[in-house]
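Just so it is clear, A, B and C label the chains in written order, and each chain counts residues from 1 on its own.
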Amino acid sequence: MRFALKPGHVVLLLFFIAAALLPLFVDPRGHLLRVAAMALLFAAMAQSWNIVGGLANQISLGHAAFFGLGAYTSTLLFLRLGISPWIGMLAGAMVAGIAAALLSVPTFRLKGHYFALATLAFAEVLRVIANSWADLSGGPVGLTVPFLGTQPLSFAFRAVSSYYWIILALLVIVCVVFYVLAHGAMGYRLRAVRENEAAAEVAGVNTFRVKLVASVISAALTAMCGTVFAQFTFFFDPDSIFSLSGISVRMAMIAIVGGLGTLGGPIIGALFLIPLEEVANAYLSSRAAGLSQLVFGLILIAAILIQPRGIMAFFPKSRVKTPPKAQPATEGARG
Amino acid sequence: MIQALVDGILLGGVYGVISTGLSLVFGVLGVVNFAHAEFLMLGMYVAWFAWRMLGLDPLLGSVLSFIIVFAVGYGVQRLLIQRVLKAPPAAQVFLTVGLMIVIENAALIAFGSDFRSVSVPYQVEGYRLAGIFISAPYLYAFIAAVVLSLALWLFLERSWSGRAIRAVAQDPMASTLVGVDTKRTYGFAFGLGVGLTAFGGAVILPYITVSPTVGGQFVVLMFTVVVLGGLGSVTGALVGGLVVGIVQSMSALFFPIQLQNLFLFVIFIAVLALRPQGLIKGA
Amino acid sequence: MTPTNPKVVLEAADICVTFGGLKAVDGVSFSLHQGEIVGLIGPNGAGKTTLFNALVGLQKLSGGAVRLDGETVSGLKPHRIATRGMTKTFQNAALFPDMSVLENVTTAALLRHDLKGARAKATEVLARLDLSPIADADVADLTFPQKAMVEMARALATEPRVVLLDEVMAALTPSEMDEVMDVIRALKGEGLTFLVVEHHMRAIMALCDRLIAVNFGRLIAAGTPAEVASHPTVIEAYLGHGAAGQEGSHA
């Protein structure tokens, strides 16, 4: 692959360097770093979603399913069998990848609204199972990751900065995967599938395989974020980890507000939305529960109506390549 | 067993009404309204306040719910939905998802997170018929749902506005040519769709408490109903509602209560995958 | 003109396509020999595009079989059939709108090359069709004839042995048409086989070795261009369009 360093990539590189140095300048256990870590984690989640939602243009409203599978797999392996969450993270990625592959079979013909509905239902199924199958999942009360002090091999640290750096590393990995997918041979095929499936097939693109690969990779990366989230927050329950508005919609929304299908979009979206939410929670929530969520929803609506290409569209030369063009009229199964 | 069947039918009639609007909106506007269940919640609140302040029985308050939510829906469509009608599905999906978040949290701010319920004289009453117990609030809600469904059917078949809606659903361009104001019709159809679900929300108030998050309980249920019946099909949604109601109460005989919904989800994904046009053919 | 190489590359055996009871293609059989250019003619709605879609696997057959080099390919996905060596162009230029011309063609070349090789192949195909000057243009900015040419380039980039061309010469000027026909003839000289739908009878008569005529989803005539053009049923199909209810009344 030819590698041409464009201005956008330089900016991104500088951002990663600056982000890596941040803990040296702020309180390593402080709240600020926590918020920054959360923003980076959501950037990684949104970037994972972006592979399916942006590159393949399959609107998933169910990525919480994979996020939750990652969190549950690693945490249960650790609590029940004492397996390190590092290994659990890989196991979670595998479980989520398999789940995504299984889900692809019935849903690969679905487009637009239908795909969104099916993925939404899938996450809801897992939420219900996690709530009801208490023997396995711990049920509605959720799971608590035991606090162990600093034990690097068990993915446990005292300092927020350690988690912060791990999350940053994960974000870099996800961004590299996204870049390679978008710009390699796979990127051509994904765009072809997105823009005209029938023509892509006739031109020799295995559309099912392309979508399958994208969704498996996306799910596996999302699951890894889920494991990191569980380790970082020490606690989760079915309703929060499989949440439609809290996880699935937020992942998509960050990517959309930032710039759907772009490399920088999810990062910009997360850096804009997550701190905003934090501020809103800190100053508003004492007065009225739900106000920050309300603001969130309003931003989403405004983003769709004012600039559907997201914040990235305001940067010159960013060449936003993913205006999801009008789809063929056939919404459901193709004949 | 027969008891479960009867329960299922009573439940399913209401499911049909609350879901019909979702199907109607998709059929006419081509938009899947992810915020649909939030309008159900609004309808429940309207009926609750009507009961609290005016002493109106929710069965009567439902008319108020319908009118107010219809107006809200009309405005929402003209101001917001209309702008994404030609946009790609992603924009449509996330606009209504945004709407869902906004309505839910606006309700949380306005009404607080308390669960509210009404008390009506027939709340715990019922009828016994050949060994089967028919709960009064479920029965009345069912009857109200049936009456409304008939009214809807008559409206769509007979009235000029109803026929305009069906014409626009089939061919917006041709409808414009024969003098139908499509934008107004779209607004009207959306208002009607969410008004119907608000009505359904009101009539179930005697047996379901309302809170800002009540929509979440219904969202997948509604989608299951309309997907079963075929997105866009009004009669399909009514039949789909009955099927879902019966499946739900039948499965309660054999499975713990939490797993009831699981059944629905599995049906939902299976139908989407195998027959996205729906199992039940209808107008 | 008789084919120099009598080897059959494409065989359609009694293929049928049904749309909810309506037979869009009704028992059509024919063979293409290697290095042949065969024209498919018929009035609008005769089932030409449906037949193309059925051949490349976009449309499920309700009966019959499609064989490529003697092997059955019907039932395979279009990309499998493309891998076996048959592809088509789309009548209304179904290019990938968000990509440049080169990227469109490169996507197809990825079927047999890695990314670097695919770019080289795409560049080569574009040069061959005189499209190099617009290689970096966005397809949205192209004229309709240009789009049709890029369609053809994309098809050729899969390195096919059989290409189905669906009206690639529509809207071309006569001199442009001659250039395209020269390219097609040259490719034929390299052993490619073409099945061509075209409304310009001049192009069809000048280009094709043989003609197949269809109407109401059925094969009504086959033979040399002169034979088919003067075939009474064919003339009736074109001129007596709608007058004679010869095959039952299809809407």
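In this section, contacts are C-beta pairs under 8 Å (C-beta built on N, C-alpha and C of every residue); 3 or more make two chains touch, one makes a residue touch a chain.
Nothing here was measured: the structure is a model prediction, and the numbers come from that model.
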Chain whose Cα mean lies nearest the overall Cα mean: A
Centroid comparison with subunit A (C-alpha atoms), farthest chain: C
Between subunit B and subunit C, centroid-to-centroid distance (C-alpha), Å: 50
Intercentroid distance (Cα basis), subunit B paired with subunit A, Å: 32
Centroid spacing, where centroids are CA-atom means, of subunit A and subunit C in whole angstrom: 43
Two or more partner chains touched - positions in subunit A: 325
Multi-partner residues of subunit B (each touching 2 or more other chains): none
Subunit B to subunit A touching residues, read off their complex: 26, 32, 34, 80, 83-84, 86-95, 97-102, 104-106, 108-109, 113, 212, 216, 219-220, 223-224, 227, 231, 256, 258-259, 261-262, 265-266, 268-270, 272-274, 276-277
Complex contacts: residues of subunit A adjacent to subunit B: 53, 57, 59, 61, 105-107, 109-114, 116-118, 120-122, 124-125, 128-129, 131-132, 244-245, 249, 252-253, 256, 260, 288-291, 293-294, 296-298, 300-301, 304-305, 308, 324-327, 331-333
Sites on subunit A touched by subunit C in the complex: 1, 184-185, 188-189, 191-192, 194-196, 198-208, 321-323, 325, 335
Touching residues (chain side subunit C, partner subunit A) in the complex: 19, 56-60, 77-79, 82-83, 87-88, 90, 94-99, 103, 106-108, 110-111, 114-115, 118, 154-155, 157-158
